[in-house]
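Quick heads-up: structures coming right below.
What follows is a pair of complexes built around subunit A, which joins subunit B in one and subunit C in the other.
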Partner chain A sequence: MAKGSKRSLVLQRRETGVSYLFLLPALIFFLGFVIYPMLMGIITSFTDASFANQSNGKFIAFDNYIRLFNDPVFKKSAVNTVIIVVAAVPTVTAFSLWVGSAIYKMKAWTRSFFRCVFYLPVVTGSVAVVVVWKWMFDKYNGLFNYVIKAFGGKPLPWTESATMAIWCIIIILFTTSIGQPIVLYVAALGNVDNSLVEAAQVDGATNLQTFWKIKWPSIMPTTLYVVIITTINSFQCFALIQLLTRGGPLYSTSTVMYLLYETAFITSKDFGYADAMGVVLAIVIAIFSAIQFKVMNGGTTE
Partner chain B sequence: MNLKKTLAFALSLSMAVSMAGCGGTGSAPSTAPSTAPDSQPSAPAVSDSGGGATGEQVTIKWWAFPTFGVDSGYEEEVIAAFEKANPDVKVELTTIDFTSGPEQLTSAITAGTAPDILFDAPGRIIEYGNAGNLVALDDMFDSAYLADVTNQGVLEACKGAGGTYYMYPISSSPFYMGLNKEALVSSGAIEFVNLEGDRTWTTEDFQNMCAKLAENGATAVPGIVYCGGQGGDQGTRALVNNLYSSTIVGSDGKWNIDANGVKALQLLADMYSKGHLDAGFSMAAADELQQFQQETAAMTFCWGTSNEVSYATEDFTQEAVPFPSDDGVPELEYLVNGFCVFDNKDAARADAAKRFLKFICDDSEWGPQSVIKTNAFPVRDSFGDLYPGDEHKALLASWTQYYGPYYNTKDGFATMRPLWFNMLQNVFNGNDVQAEADNFNTQANA
Partner chain C sequence: MRQEKKISPYFIVSVILLVLLAIFFIFPLYWIITGSVKEKSDIIVKAGQSVKWIPTSISWDNYARLFKSSTQFFGAKIPMAIRWLFNSVFISVVAMLLTCVTASLAGYVLAKKRFWGRGVVFSLFVCAMALPKQVILIPLLQQVSNMGFLSSKTPVLSEVLPLFAVICPVVGWPFGVFLMKQFSENIPTSLLEAARIDGAGELTTFINVAFPIIKPGFGALAIFTFINAWNEYPLQLVMLQQDSVKTISLGIASLQSEMSNDYGLIMAGAALAAVPIIIVFLCFQKYFTQGITMGAVKG
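Here is the complex of A and B:
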């Protein structure tokens, strides 16, 4: 018995060792390309490092952070970021759930068709997607203004307007964000225990009651994942802003992520300041994620 | 379960932090090998590694913006010719574009993986030189060369702090305006444009031309003052500076929009409110050029020898004119094409890179060909007229007399550029012009 137990322990250790070996490549990648740059970003945010003094960045404590909160452009960018997140996350989640609910019971080929249609913008390159949208929003020759003019309306400035541009960004972000949540919801809804649904229906539950009391708790982990991923993607919305508006007009579409890039690579090339923006953005995302975990975990079935 | 939750949360947190920081971490300079020596780098005298001196082959990396044209194949041709004449050197070419190239360069320089040679313009090159990333090229500007380059403005544009030469120039050409001749004719605005002689014209003519174009609607808009980004922003600065003969740099050497500049900005704001011009709030020069090519706008403020090729069309006649000015004497901005050598702490590579530059720019066969491929004019007088019989090129060459001061290498140029286009956005948004100019002057010199 003791011999068997010892052998089991050796086997267990060997298996553990092997599993660590399998983990090693991913771990090296994670440490080298995620943790190390993250730490360097945090360290650099406390220095005055810039392109002009690459080797001479000196420690300046919290100066970059103090500067951030006195910078009107950063404040404007932070507000824009929050607007994008607040507008995009609920709409993406709700719309995905609605579409998922509508199609998950359909025949296999119909379901596949809709999944494919909604997933198409996800697999299409973001540059190609934005170029097409840019043409549609073009105030001179764009599709939308062509239609408006065809109906006798006055063309709209779309991305050229400080009030409309951010909504153009949100629309594109919405269309490119719904694909994955829809696929996830279709899968999650398909996995809900049908016997519970049937039992509730036999007991006279309405469709709404069935959804809220049985399906919603069952798909809560999926919803949590969708909300967190959409929040992070919305906070980090960058490529479409760079390609569509470059943060303008009048900083109306500048987000923290875009301002970070602009500061580091285009304008002042002030790396320390840009990294301070990155750290603040990371902290805000972490806080949002924590709140979402806390709030939504209350409804998770275990 | 608590452990699982904690682990899941920690993983989510680390992903969020790393993704948020990615924009900045890639540029963390303290992680990169230092490429900024304390003192000015000097030309390598002796090879300290393998290469020409020891008979080993040296490999050098050349990053090229499409100044020789997009996919023209010229770079490969000149490399093949150079390698044949210099079998000890191998040149690896990487083509970059003007959209993502500057960012790639910044990343490469800070990461210590800069190329050996870059083909660019003085704005970026001098910035790199002053930051200590380039090899000084003073030894290439010998007395014979200096005697051959008579345009002192070009030579000054190649110098960084302390008068060190960081760029080896090959060609130069002015920036000017482009007009759609058929649109002008059909709207009757052609009467205000001078297409004779050196084509100089006045601010009043320009106002009348725009008003006529707007009145008769030959194109969707007469012209677009793009202000959505810094790409091609020299065009809008040239427009503002010429309208009432102002300069962006004051006599004290500071960035300055003076009273005449304010007057010009006010004029453009008024023309915008009347519909005689449009403002491109999210457009850079490339967007405006596309609208010109597509006949949405009847003019472009970013015309030049390179864009004439890139945005050519057979749908209408593209006429080149200098910028209009109140006294009819323009002061034009100009492009200088040239090369720099990065200081990669390898004398053999730096030496090979310099030999390659001399070959591209000065070889009796390849030098003139290289200039022609840039569609510009040689900086060396000894190359003579490379476009004999070409009236258009002769017209452009005649505008070199109108070259204004070159300010792209002045300290704070990179900081000034975003302030410029944001200032324009505010002016077209109806803000007080004087206040915006004052704000620009304060911030650009901060």
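Here is the complex of A and C:
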């Protein structure tokens, strides 16, 4: 077999050359426009670089990070980010699972109709979605206050109130988040082993029992995936905030992602400090993603 | 056969809820489109007057105002909003074409070749996918401006080069590679072996043997990238500052901050931004669903 292994070694060397040739175009964009800026961002977070002083930032070790954890606005934004994640993830997961299980057995066209409808806000894009919601939330000309007044209620301040604004963001985030999980759940539920379901029904199991005992365990990998992508997306919630409230009123809707943008491009233009926020956010998200890939790999070896 | 189940009350309740939820999801889009053709007087709710749920008359006034400001583009005078639409289409189409080429080549070798460093390259792609995209915004802006993307003086280049500041990071995003690797796993190795024994070159094998098999993946990837690039708001916001290189999304956002109470005008803009992409989505939604589910399959 020595001859065989030598041949395969030559083959492997040839394969390596060819493979990298095929990989080259993707690697140029990936390394040049994703990995390199990421490394630069990490390096900049240890300097005092700013818009005015872009390239000659002085090395200041962990000063930006120490400043972060003493910054009340950053703390407020971190709390808001957590509120958004905690409010959005369970509702998005539960709703998409419910919609998915309500539609997966329907006729093909009804199923794709509903799937499309719930995907629509994702496709429409954050800007068009937000401008119309902003109009509906409008204190004077908005639809919501019109309806409230029509029923004799008192108009609400919606996005202008420091306590309500974040919930307005969460509602919009919800409508733009459940599309993808529904598609995933419809596919996963369609793949559940039907013989198991039928066997359970023959044994007299109720619908609820079949769901919890048979379907739920087999769609578990999808649920975990849905939870993780929704978490990542909610952590990154930015466009909605930038367009709807600009972090206000009184930083009540500022998230880490929004504060990063505001610090870097609007207020102090302090690049090093903003990059430090980015690194902290990336680490938090990386912890969640590590869990995700652990779970996904666990799924394959089963 | 338990198929002819009686219609349970649970089923009726869930269908009613589903329909209500669906109306709630379609409504914003309905409100954009109807709002864009409403008269100014119908948009503002006056005390004691009812909201126009359905427009009674159609007015194109909002669109006329949207198209009023114009710009020079390759010597021709066109409305600014059309220029924005062009920029969005340009970014999406170019990003889509580049991603299809780079990702299918890379995904193919990652799935089908055993080469030195494969594990490292693949893990790098996968790890980067979980990274929050916006984290690289600041260094990326510095990088593309150092590379001269944003301040070209050459006449033709200065019109489109800034758009590449958005295109390149979108193409570099590893999701496409990951998706195409999933699709490439379906290529039978024996087929590739046979092609090699027949003396076909690597590129010929890829085009003649692999490509026909991963073609559905191409559809998914193309539509995915197109829509992602179109809606990649944060990247556009940071990179495209000049009015003439703005995308339609950015244009609407700036309309909103400049004249926040002119809802008719803003809805006309929103309709112009939303309708083309929704049509694209509806035409290719079959591939889209496939892309979402394949992208989630365990790696």
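Methods note: the second predicted complex is superposed on the first by the 265 of 302 C-alpha atoms of A that agree within 3 Å, B and C clash if a C-alpha of one lies under 4 Å from a C-alpha of the other, contacts with A are read in each partner's own complex, and residues count from 1 in each chain.
Assume contacts are C-beta pairs under 8 Å (C-beta built on N, C-alpha and C of every residue); 3 or more make two chains touch, one makes a residue touch a chain.
All values reported here derive from a predicted model rather than from experimental measurement.
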| item | value |
| --- | --- |
| Combined model on subunit A: subunit C and subunit B, fit or clash | clash |
| Partner chain in contact with A:70 - subunit B first, subunit C second, else both or neither | neither |
| Touched partner set for A:195, first subunit B, second subunit C, both or neither | neither |
| Subunit B versus subunit C as contact partner of A:266, first or second or both or neither | first |
| Subunit B versus subunit C as contact partner of A:275, first or second or both or neither | both |
| Partner chain in contact with A:129 - subunit B first, subunit C second, else both or neither | second |
| More subunit A residues in contact [subunit B versus subunit C] | C |
| Subunit B region in steric overlap with subunit C, selected from 20-28, 128-136, 254-262 or 362-370 | 20-28 |
| Common interface positions of subunit A, toward subunit B and toward subunit C | 34-35, 37-38, 40-41, 44, 54, 140-141, 232, 235-236, 238, 257, 260-261, 264-265, 271, 274-275, 278-279, 281-282, 285-286, 289, 293, 297 |
| Subunit A to subunit B touching residues, read off their complex | 34-35, 37-38, 40-45, 47, 49-57, 140-141, 157, 159-162, 165, 228, 232, 235-236, 238, 244-246, 248-251, 257, 260-262, 264-269, 271, 274-275, 277-279, 281-282, 285-286, 289-290, 293, 297, 302 |
| Touching residues on subunit C, where the partner in the complex is subunit A | 2, 10, 14-15, 18, 21-22, 24-26, 28-29, 31-32, 35, 43-45, 50-51, 98, 101-103, 105-106, 108-110, 113-118, 121, 124-128, 130-140, 142-143, 168-169, 171-174, 177, 202, 206, 227, 230-231, 233-234, 237-238, 249-250, 252-253, 256, 261, 263, 266-267, 269-271, 273-274, 277-278, 281-282, 285, 288-289, 292-293, 296, 298-299 |
| Complex contact set, residues of subunit B against subunit A | 1, 5, 9, 12-32, 34-36, 102-103, 106-107, 109-110, 127, 130-132, 220-221, 227-230, 279-284, 291, 294, 296, 414-415, 417-418, 422, 425-426, 429 |
| Subunit A to subunit C touching residues, read off their complex | 12, 15-16, 18-23, 25-27, 29-38, 40-41, 44, 54, 98-99, 102-103, 112, 114-121, 123-129, 131-136, 138, 140-143, 146, 150, 175, 180, 183-184, 187, 201, 207, 221-222, 225, 232, 235-236, 238-239, 242-243, 257, 260-261, 264-265, 271, 274-275, 278-279, 281-282, 285-286, 288-289, 292-293, 296-297, 299-300 |
